[in-house]
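Below you'll find the structures, each written out as structure tokens.
In the two assemblies presented below, chain A is common to both, partnered first by chain B and then by chain C.
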Partner chain A sequence: MTRRGYIIGAISLLVAFVVFVIPFLFVAINAMKTAQDASSLDFSLPERWVFWENLVTTVQTRDYALLLAYWNSIVITVCAIALLVVFGAMVGFVIQRRPSRTSRVVYAFILAGLMIPPAVVPTIWVLQGINLFKTLNGMILIQVAYGLGFTVLLYRAFISTIPRELDEAAIIDGAKPWQIFFRVVLPLLKPVTLTIIVVQSITIFNDFTHPLYYLPGRENITVQLTLYNFQSQFVSQMNLLFMNILLITIPPLLVFIFFNRQIVAGMTSGAVKG
Partner chain B sequence: MSRVELKDLRKNFGGLEVIKGVDLTVEPGEFCVFVGPSGCGKSTLLRMISGLEEQSSGTIEIGGRDVTRSEPSERGIAMVFQNYALYPHLSVRENIGFGLSLARTPKDEMRRKVETVAETLQLTDYLERKPKALSGGQRQRVAIGRAIVRDPEVFLFDEPLSNLDAALRSQMRIELTELHERLRATMIYVTHDQVEAMTMADKIVVLNGGRIEQVGTPMELYERPATPFVAGFIGSPRMNLFEGDLAREMGCEVYGIRPEHLEVSETEGRWTGRVRHVERLGADTILHLEVEALGPLLARVDGSRTFNPGQTVHATPNTDKEFRY
Partner chain C sequence: MRRKSPYPYWFFLPAGAIFLVLFILPTVASFYFSLTYWDPFEARFAGWDNYVQFFSEPFLVRGLTNTLVFAFLTSGLKTVLGLLLAVLLTSGIFAQGFLRSVVFFPVLVSTIGVGLLFQELMHPTEGAINLALAAVGIDGPGWLTNPSLALISVALVDVWRGVGLATLIYIAGLATIGQEYYEAARIDGATRLQQFWRVTVPLVRPATTTVIILSLIGGLRLFDLIWAMTRGGPGFSSDVLASVIYKQYQAGFWGLSTAGNVILFLMIAFIVAPLAWWLNRRELEA
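After this line comes the complex of A and B, so read on.
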């Protein structure tokens, strides 16, 4: 590598360190301080290391609200992702493979879903009308609705790279349309499905505003809303807040580390002359 | 082994008629080749027989059964695609057995059938591989295996060799011909390559602009082409065709003479021309001549004779082998 390359590499690493690692270290260090120590919000090492105590207190706060929040968030994320993947891929498949007036109208709606900002009050009104307000099911459907546009867009683009002859070969082999989708097309969508799982699950799991609007109630708490346990206008417990941040950062981090290694491209190589 | 009968088959794309009434009978066990330039409708015709493309009017019968409205899987056909269309996520075994597994064939029977087919095609060692780990020729054999395992009445091939290199192509031509002899199944084969058509076919169907120009055995088409189009299409290098003054002089609209039926001499002959280009193929040499009043003329001469560009030569047509339209 040239000298110039080294210098640019070093600068990039430094920038990445400042932007990504330093905040994380700040959170981690302050999560291990006592309340008094943490309230000064500086970068000094803790006077007394109280990692375990802070962890236990954070988890136990408000009758184990954090554990309930984990459960709720995981249910919402897993269900929403499952629906997004199945519906997104199906819609993308039909729109890409069967161009018609109807599919163009549907596509226009999907693009509109990406462009038009969501309105909170009418959404709540609709949810109340169908008795889904303040329920996890309602929250799941909202997350699906928000994510569907992007998901369909990605799937449609990816499906257009899968040769149509594969569908035709399957038709000749006697496959019904749903068999073509589930046995031929869906397995080939693995790379883009993994991308969608990573991107959407982190978005949904880390969502703060939408659960705040659509999912009020003690028993409906989600992970991001647990931050309010330790922060209010008059009393803030910074050490516990940071511990909470640390704890709720872990699941998305795991998802990312685990799936990022598996995002493989080139699944279709070999389908046609390679 | 079944007869395929097409009756007044037509196809419109929007307002454009691409198949303009095709009547054709492919006899049981015949190797029938559809040949024609790109855009002549040969692939569309094949796809209509397979059921992947719906006809605008007309009927299709396979084995005496009207399949015009049947699903592709119910027509008793199997198809091999130009780019193989193997399922990339499945192993060779699963690729060949895919149709059987859709039909819920018992596991033992499926294994037995797949292995028999793999043996015929020398694919036994590759059964657990994915398509991307195979060479072009092996992929093509898997695609053919997927067709054989269905035990179809009619095999359909859509330019199956066009993605292979020249050496492999001639080898696969022989393999396909042998396969046809062994299976004795009706096969319909689409190609734009007249060499493939001539070497493999029992019957050639020449298509042009959505119509059948001529149907016949390879030698019939070579010796008695019915139209100038067929005359120009079958045979390599292509036949010399002339319109205008020369044709009128000969008492026809189009006059044709094949390059191999021209006698070339350094001293005398009917037409005098200049050698523009010499293609040495070894056994033969193709001369590109520029003849006054005629224009370009191709002649095939013995490879042992030497000609140089710029040389003046004389060409005389063999009068038995002239074509007049």
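After this line comes the complex of A and C, so read on.
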């Protein structure tokens, strides 16, 4: 590395620290202050470190709303991803393997879903009509519908790298379509499935807008809405708000640390067309 | 007799049913409901009234123009800064891997968390940003309290939050450019700046298309950050279409809210689709 590289690197490091790291430090430090100390909003070390007390108070607030929110968000995320993976892979598989007009039309519709903003009030009307408004089941199906575009896009691209000879060998052995898919193809999709799980879990876990519309009600709270409730209730308790931000940032942070490669693969898919 | 395909169409059914009922059906229904006076109790046909209102009420018109300003501003900044950061972070500088992670991390953090955090940092008198500016003798503005600045402030925070994704896409794009192009340029005596304009920019074009399209769609649809930081205020000065849609829904004007949704849909369709087509065409020519 050249001397110049070191100097530019050091300057970039300093700028990145100020622009990108200090805001997060601000959250962490304020989460450890007392309410009075944090209300001044300045960037100083806590007068008294009260990390544990703040943690307990934040978790206990509103009858353990945060724990309920965690439970709801995890249920929605896990169920939606399970459905997305199986159903999305089935669609991607047939679209890729059977190039026909039907496949092209289906693919065009699903890709349009990446662009078109959901029509929120009519969606509420539909959900009410099938008794799924304000239910976790409804929210799960909504997340499946909204995540389908990304999922099918990735699966279709990945399946094109799997040789057709594998399907043909299974067909000659007398396998039924669902056997070919579940026994032969799906197990080979592990790498792209991991990417989809990682990216979609962060997206669904961090979703604020859709639970706000489709999942109102105290017992239906999700993690992102805990912040929203906090702000109105604790005007002067910024320390607890920041503790809450900290607590709901931990899952994405862990995913980021352990699955960095999958995130990069997922987020850049489609960026480098051949 | 025709042999049955080993790739049957019923594989589309489970996903297709969910998508059709919860996405396509509401989208189609939105065109009808946008033409009605619709509230929690009934829907009466209203003709074009909701649309007329959208284009005549000053605060609704403000929402439309704000949406465009916000989307183009953030998309432009993310494209330019993303490319510059990507070039910097692939040039073999010190602590490159760490810097990439630092720039990318905000993409994964809760948007509402980011919004509330910056709301505190941008507080006009006590916020850390203005305190820091005051320390070097600058009188910081009311970032979120000044009506002519609030939208721009939110846009800057959106760039802070989203530039990591643009950078990541550009880094992937830069990796596909062969070193031989740069060698040839160097042999011809091109300066670093010339190499950037004549080699990097044209060859990283597919990534540029992706960044522009993605950030434009994201910018036009943005709701959560605006809601966390200003709720469209002060007054209606930072309202965008998505926040108007939510406010009108909350107020019980479902027809007006749905008209906003249709306008947003048409806006995205008529801006993004031609732009994507044009950018892709230029790609083929290049």
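In this text, the second predicted complex is superposed on the first by the 234 of 274 C-alpha atoms of A that agree within 3 Å, B and C clash if a C-alpha of one lies under 4 Å from a C-alpha of the other, contacts with A are read in each partner's own complex, and residues count from 1 in each chain.
FYI, contacts are C-beta pairs under 8 Å (C-beta built on N, C-alpha and C of every residue); 3 or more make two chains touch, one makes a residue touch a chain.
Note that this is a predicted model, so its numbers are computed, not measured.
In the superposed model, A:Val59 lies in contact with neither chain B nor chain C. Look at A:Arg97: by the touch rule set out above, it reaches chain C but stays clear of chain B.
The wider contact with chain A, measured as residues touched, comes from C rather than the other of chain B and chain C. When the two complexes are overlaid on their common chain A, residue A:Gly174 makes contact with chain B while staying clear of chain C. In the superposition on chain A, A:Leu188 makes contact with chain B only, while chain C stays out of contact range.
Of the two partner chains placed by superposition, only chain C is touched by A:Phe109; chain B is not.
In the superposed model, A:Gln224 lies in contact with chain C only, and not with chain B.
Applying the stated contact rule after C-alpha superposition, one finds that A:Val75 touches neither chain B nor chain C.
By the touch criterion defined above, A:Ile29 reaches neither chain B nor chain C. With the contact threshold set out at the top, residues 171, 267-268, 270-273 of chain A are in contact with chain B in one structure and with chain C in the other. Chain A meets chain C in the complex at residues 1, 5-6, 8-10, 12-13, 16-17, 19-21, 23-24, 26-27, 40-43, 83, 86-88, 90-91, 93-94, 97-98, 102, 106, 109-110, 113-123, 125-127, 130, 141-142, 144-146, 148, 152, 167, 171, 177, 180-181, 202, 206, 208-209, 212-213, 223-224, 227-228, 231, 238, 241-242, 245, 248-249, 252-253, 255-256, 260, 263-264, 267-268, 270-273. Those residues of chain C that touch chain A in the shared complex are 5-9, 11-12, 14-16, 18-19, 21-27, 29-30, 33, 38, 88, 91-96, 98-99, 101-103, 105-113, 116-118, 120-121, 123, 126-128, 131, 160, 165, 168-169, 171-173, 175-176, 206-207, 210-211, 217, 220-221, 223-224, 227-228, 242, 245-246, 249, 254, 257-258, 261-262, 264-265, 268-269, 272-273. In the complex of the two chains, the chain A residues touching chain B come out as 163, 165-166, 168-175, 179, 183-184, 187-188, 190, 267-274. Interface residues of chain B, counted against chain A in their complex, comprise 50, 52, 71-73, 77-79, 81-89, 98-99, 102-103, 130-134, 136, 139, 146, 150, 163.
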